[in-house]
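What follows are several structures.
Same chain, two partners: subunit A is paired with subunit B first, then with subunit C.
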Partner chain A sequence: MSYYDIDDILADASKFPCRFNYDIPGLGYLEGNAGKEIRKNAKVELPLWLARILAIVGGDAGLNDEDALPFVELMQPEMFSPKVLNAIKSGPVTLDVHSINSHFYALAIKWATLFNDRDLIEVLNYMLLERCQEINNHASSVQLENVGRGGSQGTFMLTLDEFEKVLYKDSHESCKDTKKWVIRK
Partner chain B sequence: MYGDLGSKLVLEAKRAQQLNRSSGAEQLPMFQDELIRNIIKEVGQLSKSAEYLTAQQEETGFQDKVARCQYFVTLLCIERNKRCLLAYQKLRSDALDTFTWNRNGIDPISSLNAAHQGSANLSHHEQEYLKEYAQLVTDMKSGDYTDIDLSGSLTPPSDVFIDVRVLKDAGEIQTEYGVFNLIKDSQFFVRQADVERLIQQGYLQKL
Partner chain C sequence: MSLPWKLRETFSPEEIQFMVENEPIKIFPRFTTKPSVRGAARGGSAPSAQPRWKLLTANDTPLNNLVAIQTTQVALWIALLLKQQGKCSIVAPEWLRLAQLQKHIDYELKNTERFSDLPWNWLVVAQLLFSKAADDLHDPVHLLRGKVQDLREIRLGKIGQGLKHLNESHLQLDNLSLLEINELRPFVLGVMNKLKQVHGSVSEDQPDE
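Let's turn to the complex of A and B:
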């Protein structure tokens, strides 16, 4: 996840629901009405690049306990709700990750880092492992007639998220090239 | 809100990346002049409002949370725009670098003209950059490493002699073993090292 990573930048643009802890005038454009103030407890969808920092910095911790609240509070987004996590636990392979969010893994990693969420990471590990076996199956089944043309397009391919697509493409390329080399021998 | 234009630019970059990967040929879509100018305009507005906020703070004299939050949000928006712009430009310059290495031996600008409908897809600065990078590559090749053709093919040579077919007329070329007259659709049995460059340039096809 480098600074110039296109996928990372796109993942950072996903919106997360947040709640403001303070009245802040002049920030109404975050809500869609410029020039107005933003009210305390207002629910706003903020992109992650903004919400991540605002959820960390805030009032001075030195003054008193009330002021130590960060500017915004991140709320549990739909994509990490128990419903989704249960769906992952029950059958990672048949899950349509792409429809949940096309940058699911990247965002889950960011989220788990932000909140030290061990449970989420465990679920992710399991999910990645299960889905990787399927990805590997798809990637290594190279039909000889199809070498040169694009890969096979199954329904499973449509459920991959961006990270898995890269994984699939790389392993598919490597299988294809190896096979090509073996035949031409 | 702020930053949406940047996302649009990065989406464009992603499309270019995929185009590059799928077709294999070095192709760069049009430089997003308009979009980038709008983003820079947005950054200008943001920095103006940041200056305004600092001035206001100095006037009132106290640094409260509210002002800090406004200032933070403004700065973050600027930072985000900067990241989008840099990532877009980095992707393009990487493509240009690859282009320079792959198409070496020929003047990159003129070969770019041949490959595209002209180098109009590049911005003025990119053309300048391409020219200077090509110069750097040439300098490196003519330095300590003259024995090796650094921009040569990366596929390990497996045969000394190969069959080639001429795809387009190239006229006469001089090799260690004599002169070939490359006429379209003729076939030769030649040393691979002699014709490597011509294969790269697309005059010959390896059989």
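Let's turn to the complex of A and C:
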């Protein structure tokens, strides 16, 4: 998760639902009507890179720190709703993470950092461990006739999130190279 | 970057082979390089006329004192080069025998929680000797191959079991060989790094919200 990390930049571009706490003139383009003001309690979907900052800095922070309300309030997105968390708890391996969000892990970590969300972390930990077993199984089953042209891997591969894809690719390459070395001898 | 992405965080199997080839192994030379004292005394210029081994990365004294049919220790890469030319036969290590391998297999099957203490380079040495020095082994090579494959599969199964206990802090892998570790490295590091990120994202001292 570094500054130049493409996957991190793409993850930061995902939209999160936010509610504005102030009337702000000129910001209407966030809602789609440029030139107008944005109203208090307007619900807008903002990319995380913007929402994260606006949810921290506030209006009159200099005057009275205690009551300083940030510009926006982040609302719980669909991808971390109890419905999704229950689905994860019931069966991480059969879950289609890619359709929930293709950067699920990265966003979950960012979300947990913002809100210090222990429950989410527990679920995420369980999910990662369960799914990585399956990824390892798929990565280490190298079919000899498919070495080189990469055969089809079935439906589980279609449910991987971007981090899991990188993990799968790396470990698959490693297993493939080792196997190639062993049979070449 | 100047280093290909595949090699940035791990070794390729060929690099593992390169490391293993630096280990010493016993050989039976089939020629003599040791200068005979009598010849040197009589001829005078005989030792200097004979080409000598001059090595920078390996010890060259044993090579300059080879006596046919007397075992000596040289680096594996030299042994393989000599073997290729038919100038020596390689003495297989103790553990590369059917009885020894069977003992390791029994140990592996009996102790499901740990790995048997094979040398760190067992898989690579076995593969190298099977392909390049098959006629020097004490037992038929197809039987040895079978035992090595058995061992590899038992250990792979245990590795699969061990991966269920991955966590964010540590992992103990006693007696796992270099090639096996190298095969696992991208996967285990990827998962453990992510688990570490996941755990690092909540701080202990802050209260729950």
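We adopt the following convention: the second predicted complex is superposed on the first by the 175 of 185 C-alpha atoms of A that agree within 3 Å, B and C clash if a C-alpha of one lies under 4 Å from a C-alpha of the other, contacts with A are read in each partner's own complex, and residues count from 1 in each chain.
Here, a residue touches a chain if its C-beta (ideal position, glycine included) is under 8 Å from a C-beta of that chain, and two chains touch if they have at least 3 such contacts.
These numbers come from a predicted model, not from an experiment.
Asks: Will subunit C clash with subunit B on subunit A after the two structures are superposed, or do they fit?
Replies: fit
Asks: Scan A:136 for contacts with subunit B and subunit C and give back first, second, both or neither.
Replies: second
Asks: By the touch definition at the top of the document, which applies to A:4: first (subunit B), second (subunit C), both, or neither?
Replies: The first partner, subunit B, only.
Asks: Of the partners subunit B and subunit C, which touch A:115 in the superposed model: first, second, both, neither?
Replies: The answer is second: A:115 touches subunit C but not subunit B.
Asks: Is A:84 in contact with subunit B, with subunit C, with both, or with neither (first, second, both, neither)?
Replies: neither
Asks: Pick one for A:167: touches subunit B only (first), subunit C only (second), both, or neither.
Replies: A:167 sits against subunit C, while subunit B stays out of touch.
Asks: For the combined three-chain view, what is the angle at the C-alpha centre of subunit A formed with the C-alpha centres of subunit B and subunit C, to the nearest 10°?
Replies: It is 60 degrees after superposition, to the nearest 10.
Asks: Which of the two, subunit B or subunit C, is in touch with more residues of subunit A?
Replies: Ranking subunit B and subunit C by residues of subunit A touched puts C first.
Asks: Output check: A:177 vs subunit B and subunit C. Expected answer is one of first, second, both, neither. What do you get?
Replies: second
Asks: Considering only C-alpha atoms, give the closest distance between subunit B and subunit C in the superposition, rounded to the nearest Å.
Replies: So the smallest C-alpha gap separating subunit B from subunit C comes to 5 Å.
Asks: Considering each complex separately, which residues of subunit A are in contact with subunit B in the first and with subunit C in the second?
Replies: none
Asks: Going by the contact rule set out above, which residues of subunit A touch subunit B in the complex?
Replies: 3-7, 9-10, 12-13, 22-27, 29-30, 32, 47, 49-50, 53-54, 57-59, 67, 71, 169
Asks: Considering only the defined contacts, which subunit C positions touch subunit A in the complex?
Replies: 6, 10, 12-14, 17, 123, 127-128, 130-131, 156, 160, 163-164, 166, 179, 182-187, 190-191, 194-195, 197-199, 201-203, 206-209
Asks: Show which residues of subunit B lie in contact with subunit A when the two form their complex.
Replies: 1-3, 7, 10-11, 13-14, 17, 21, 65-66, 69-70, 72-73, 76-77, 80, 83-84, 86-87, 90-91
Asks: Any idea which subunit A residues touch subunit C in the complex?
Replies: On the subunit A side, the touching residues are 1, 105, 108-110, 112-113, 115-118, 121, 124-125, 128-129, 132-133, 135-137, 139-140, 163, 166-167, 170-171, 173-175, 177-178, 180-182, 185.
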